[in-house]
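One structure, pasted below without further comment.
For clarity, chains are labelled A, B, C, D and E in written order, and residue numbers in each chain start from 1.
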Amino acid sequence: MIEIEHLSKRFQTGGGFLKRPRAMLAVRDVSLTIAKGEVVGVVGESGCGKSTLARLVLRLLEPSSGRVVLDGTDLTSLTARDLRAARKRMAMVFQDPYSSLDPRYSVADVLTEPFTVQRRPLPPGQIAEMLTAVGLPTEMAASHPHQLSGGQRQRVGIARALALRPDFVVLDEPTASLDVSIQAQIIDLLASLRDQMGLTYLFISHDLGLVRYFCDRIVVMYLGAVVEILPTADAAPRHPYTRALIDSGFVPDPARRRAIAPLSGEIPSPFDLPPGCAFAGRCPRATDRCRAERPTLDDTTHPTACFHPL
Amino acid sequence: MSALLELQNISVSIGSAQLLDGVSLRLERGQTLGLVGESGSGKSLTAMAAMGLLPLIGGHVSDGSVRFDGQDLASLNDTQRRALRGRRIGFVTQNPMTALDPVQRIGAQIDVVSRLHLGLTKQAARARTIDLLTQLRIPEAQAVAEAWPHQLSGGMKQRIVIAMALTGDPELIIADEPTTALDVTVQAQIIQILAGLVREKGVALLLITHDMGVVAQICDRVAVLYAGRLAEEGPVAPIFAAPQHPYTTALINCIPQEGMARGTLRGIPGAVPSARQYPSGCRFHPRCTRATADCAALTPPLITRGDGQAACLHLPEVAL
Amino acid sequence: MYSYLIRRVLMLVPVFLAVSLVIFLILHFIPGDPVDNLLKVGSSPSARAEIEARYGLDQPLAVQYGIWLGRVMQGDLGTAIVARRPVADLILQALPHSLRLGGLAMLFSSVVGVALGVVAALNRDKWPDRAVMGGVLLGSTMPSFWLGLILMLIFSVWLGWFPVSGARSASALVLPVLTIGLGGTALVARITRVAMIEASGRDFVTLLHAKGLSPLRIQLRHVLRHALIPVVTILALRIGWILGGAVTVEVVFARPGLGTLLIKSLSQHDYPVVQACLLMLAMAVMLGTLLGDILQAAMDPRVRAALA
Amino acid sequence: MTLPAPIRALRRPAGAPAGLWLLLVIAAAIAAPLLTPYAYDIQELPAAWQPPSAAHWLGTDEFGRDLLTRLIYGARTSLSVSGIAISISVLCGMTLGAAAAWFGGWFDRAVTTVVDLTWSFPEILIALILVAIIGPGTTGTMVAISVAYLAQFTRLTRAQIMTLKGETFIEAAASLGAGNAHILFRHLLPNALAPVLVSAMLATGDAIILEATLGFFGLGAQPPVPSWGGMMSAGSALVFKAPWIIIFPGLAVAITVVAINLYGDALIAELDIRARMRRAV
Amino acid sequence: QEAVFVLNTSEVGAPTYNPIKATNLNKATTLIFDRLVSQAADLSYHPWLAESWEEAPDGMSWTFHLKPGVKFHNGEPFNAATIAAWLQIFKTSENAYMTEAIASVEVVDDLTVKFVMSRPEPNMLYNLSSSYMSVIEPKSYTALGDNYGVTEVYGTGPFKLESFTVGQETVLTRNDDYTWGSPLAKNTGPAHIAKVTFREIAEDSTAFLELKTGGVDMLLGVPADLLPEVKKEPNLAVLTMPGQDVYYMPINVTKAPFDDIKVREAVAKAINQEEILASVFGGVGSIADTFLISALPESHVSDAAKIHYDPARANALLDEAGWVMGADGVRAKDGVPLKVSLWTQSDSIFRRLTEVVQAQLKAVGVEAEITTFDSSMIRDQYKTGTQQLAVRSYNWDNADIVDWFFGGDRLGYPNISMFNDPKAEELRKTAMTGSKNMAERVTNFTAYHEYVLTQFPMAPIYQPVDSVAYNADRLVLPEVLNSPGVGSTAVMDMEVKE
């Protein structure tokens, strides 16, 4: 359904009067296919380009190169007008429920907005229906964001994303700023909505445990590049970085205590990446080759970009 | 042997709002106590109360007492309390990004502790600082001491904050969500460091976290706070094996476990009530799956069970 | 850092060009012809042409600007049309007075303002805070000419402590400095207070307390240091304001200075003098921003890092 | 239902007296002819220079005109001149600032440079020069004041919109397919409005002082129309002989401006926009 | 011995001490320069740099015998050649008309010059006593160019220029070689005061406060409304002399509705001079009912020509001219309200006077809109000729001021009234150039003046007295002051109490 082909994004920062700007690749040559009805997860640490990827996929950012094809239409070449029309089919839920709602809009206004901007009539009873669908009381339509808790706001954000019945939704860390208890509610809600509406999700998170619980396939990113695509949620990792991510999680079971063996070393600056594998500096298996040459995803059913996979 | 830190039935108020209500905790030397609960349940307030820092945010202990090594903090004067902070009690804050003074070099910020509390000279203090940084496996400690905070990564800064907490050779470290703002890989590093301190130096650790995984892995005891009250407290193993309070159960169940099928995560319905509108009776009852009419009416007492305690009307000991 | 300084100074060049162009153009829209002032009534057009030629007023605007700018660059500010002497002389006569007044007012505002701000912040929401902030608010809402007149009435006329006007003795500076300074004090006190309170709430301050430092030391050594960053920046930015505030006050106290010179020349349509005065003020403003940026960089390593 | 913020601000401790004073001044200005038995312009030369008395509560001026009457009529001039001037300034400043933030690029850079420059100059200087160009009188004063404050509102609006542009809800609207116009007029401007309007209100206070200062230089409203600045200007000549002529208008200015500031502070607190206002400076 | 004087506000901002180029000279000028002839309080003429002089019986030549031993501040000698050079330079002056009648200057010997006249000039001695005809030092004048009078200036006067800051202050130090003072003063040889500072203070009240608080020693001009305040102070003394100012309201005869002489007369007679004298000027001074100060014989015109407050006539004239009183108290004609502009300058006394005038005009149904201009700027405005009414004053003690302000060749400024009447021009010519002696000149000027008055190009308002206030604890003034104002003569005899 979605084909992401060699997508890259280059950011320049800091340029000024008589000052040279610095450039970095926030997303580097990412290719990915998502089938209809699939839930694909993207994990990676802060700053590895997850959000940038999400924006590129929905063309909220112009890619530096590569394309995104949604059901045969190349989103990257659409005119502004056609793109706006195409947005009916795709939606995004944002990380920060606090700034993703206009403070001046009531919940009803927020939910009406998709119809207004797409010049569609608002079906009667639609708002109540949407609120119910995301588990909010219908009276809440008159409330303003500042009267809602984080979880409630995120539900409103989800309702807004689904208002126009899209088939593809990008979820950019929808639970990162919520309590675990609320996170569980939201994940639960997203799962049931997907079942009801036959949605396709690109689910972004930094929490590998959560992604493994929620997704069919998992893309692991490190400093802008995909390092591994786990074909199933419970597939054994092949990339040492994925392994380290799994090992960094704490199992909530005192009976299964284990020694903590954290990674050493620092994440390199994205502005001057080493020539070889970006992870080489922290990788226990790194060799001279890793430091000199950049590995690419291999062509297996479990693509991994590593010279020494597990 | 008396506990190193003991909160006896403390209540904390800010202005007219009572934000903590009858919280009791005990922490022995060499032990790690995990303090968990959802956001807004009062974890940080508890830490501030233990540090004697509530006045900073305009609050005070309105009832009960905070005892450190048998001494009631309330009976000490300001100078005496200050002599404890940084010396015998170290503090690690949640966000390492904002915990350091951005306009002072790293070294100076650490040095001041040993100069103040240990009476070291400038050179001796710096030597100690370098020594500590090296112990925390910070590469090029000398250079780091001369660096400005903004030149360091988050994980590095958190290690600096820990070094600062360690400088006075404390008996107790209070760490308020020390890893929340950090990446998972870094988080593991920091937890490992803290756990190592307990193991190697025998300090007591009050670890505030919202990650039940961390609690399960490194804590000896855990205290669960909900809406300003203690829901349950006790040794980690039995609580994880058989939680006494429905809230504890619910919290544990919020974490996706390996092999769980999609759609089985339930979460806790509703949200933490705000301090201005705590529900009557058991404060958890509106969100509790087992709530009855009694739960809304009666405040459950804190019942001691074995080595721990819990506050729920559904405990067999509670006779209605 | 040095490369930054050089860049920052070079950046003043286009700004200066822009300012000078604006100043040059604005003054050409002012109605009234200074040449008339010089002409004998009923003099012939050729006499007018001669005078226009003498002051370069017959050239196209762009050429006039070019010539003017070229001369300004060489320090030649032209000849005052009405006062008939080199503008530079007039400016040099006026500038020391304005600098003395502005400098003292600035000093007064910063010292007193920071002190009051600290007192207010340390006693947040208690009576000293209320009193300081109330006084400060009142001080900043009184028109400066009015304040000047009232001060003059009380201290010079009724009490006879200070001279009424002029700049003939140091004591003549007291009331004008007070008048300008009070407005600045209000600003500084307010910023200091807010910045202190804001800084007090920052995490690192909590940590300083947790390290066992004494609260007073924390406030004065750490919090105040942070609070001073915005104070210094804003003060530097407000150099123009202080000098501008001097305009009315100089007039009220009949003091020599750029303000009096500007007002007088403005009403006499003495373009070269007005241009020079505005240019001086603009330079002061530009140097102020430069100074502010440098001080900020000096006080805050993060800023230095962002600039390097 | 909650009351609108301007009314809620009235219930705050300092907001109440401040708001009431402002209402009083505005009401007095509107109802001026009904409030006093005297005319603002009829001279009663033998009655000149009278100190405050039962007949003339605030005394009389050099032409024997009742000062209270002139003070009330002066409120008309001062408030309307500053109010209108600031309104014009806000309209132009918002347009300019929004355009700069929206279009970016060289236009933004040009606007920012000019605006930053003028912003660094004291308003009084800008106003003085403009009045010299336009000529004295109420119109000149109004134009001068509006231009003098243009930079402030342009900056503020631009800063607001730049901050808002980074907010997720803007991206959210874009992700729904919202066009530029929708984002600008339905999200950015409405959100930028509160801080701009509040600072407009505070600026009106400053504008009253500025108007008075221009009046003091004899460049404001022309006689016999009273304005606070003009009254003080006239009174300044003989301040030692009849101090009341200058004291009362000065107090009127100071108290009104204090009230505007206090009420503005209450409004800021009520609207919860303190951080946004500060960020924009 | 040092003293601080404050210049009259009307002299503030005088940009130069160059009497040739200046249009506005302040009092300090009279201490730097001497003149050929001095004038006594009774307006009679006495020797100064000229020890004696003869006028030819037909008025066609004048011979002046100069005082020997006079030296300029820069050491240059003063002699007949100086006079010739100076008068040559004076031809380029704004005030060249003063020497218009001099055809040529002959140097008879070192100390004797002869003016050959192109016509008789009965006003010769007056002109030579005017401060505009201060004797400059020609060599330095030529050498210094525009700087003469600004950075340096050399005269023969009792004081030398030490420093001059335009609009601020002028410091003069005593010329210790000075022995050639006017015989009108008791002391002709170096002045008693060693250093005089002239301060320029734009606000009369500030100046008064300075005097009151001891910041300065003397005010060279005290406006009438401040006199009562001065008199309240025990340590201050006031010296009052006949004034040389006239306050008046020029009426632009070319601008409707004032192109109608009836309207002009009406507004002129709507001005209540007595009320203004009493209320604005506290009764000090006198009303003006002609254009000239009453000390001048040319002011004695027929009673009919004098302009006095006459509201009945004003109203009647306006009715006659078709301006009907409206309900709002403003007259109108053909639906056009009688609104006119009234210009004034920003000095406080003018603003107050103008507001009263405005109210008085309103009383007869004329609505005047005041526009205030800076005093130095208003002249440019007059040059545009767009004014209707204005309030202003002049300071002069010779009848030729009528020519200055109403001459048809000076429209705009100084002829603010834009008055250009053929008959007046004829009378003016006779008055200016057709008189052989003083008596004839007086007759001619009186006729010219009288005619101008009947055309109402202005309305006279007020004649102040000249008041000087000083700190009696500090200054001792001579008992009798034999000069028309406080200038060089007065300062020579002045002493400072230590």
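Quick notes on this one:
By our rule, a residue touches a chain if its C-beta (ideal position, glycine included) is under 8 Å from a C-beta of that chain, and two chains touch if they have at least 3 such contacts.
If you want to know which protein each chain is, UniProt gives these names: A, B = ABC transporter ATP-binding protein; C, D = ABC transporter permease.
Keep in mind the model is a prediction, meaning the values are calculated, not measured.
Graph distance from subunit B to subunit D (ABC transporter permease), where chains that touch are one step apart, equals 2. Each chain's centre was taken as the mean of its CA atoms, and the one lying most distant from subunit A is E. Between A-B and C-D, more contacting C-beta pairs join the chains of A-B.
Work out the mean CA point of subunit C (ABC transporter permease) and of subunit D (ABC transporter permease), and you get 22 Å between them. Between the Cα centres of subunit A and subunit E there is a gap of 89 Å.
In whole angstrom, the spacing between the mean C-alpha positions of subunit D (ABC transporter permease) and subunit E is 45.
If each chain is reduced to the centroid of its CA atoms, subunit C (ABC transporter permease) and subunit E end up 40 Å from each other.
Counting partner chains per residue, subunit A shows two or more touched chains at no residue at all.
Listed for subunit E are residues 203, 209, each touching two or more other chains. Remark: subunit D (ABC transporter permease) residues 167-169, 171-179, 182, 186-187, 190-191 touch subunit A in the complex. Of all residues in subunit E, those touching subunit D (ABC transporter permease) in their complex are 203-205, 209, 225, 229, 275, 278-280, 346, 348, 351-352, 354-356, 358-359, 362, 369-373. Residue ranges on subunit C (ABC transporter permease) touching subunit E, taken from their complex, read 32-33, 36-37, 40-42, 79, 82-85, 89-90, 93, 152, 156-157, 160, 163-166, 168, 254, 256, 260-261, 264, 267-269. Listing the residues of subunit A that touch subunit D (ABC transporter permease) in their complex gives 55, 58, 60, 83-88, 90-92, 94-96, 99-104, 113-114, 116-118, 157, 160, 164. Of all the residues in subunit A, the ones that touch subunit B in their complex are 45-46, 149-152, 179-188, 191-192, 195, 206-210, 212-214, 234, 244-245, 247-255, 257-258, 260, 262-264, 266-267, 282.
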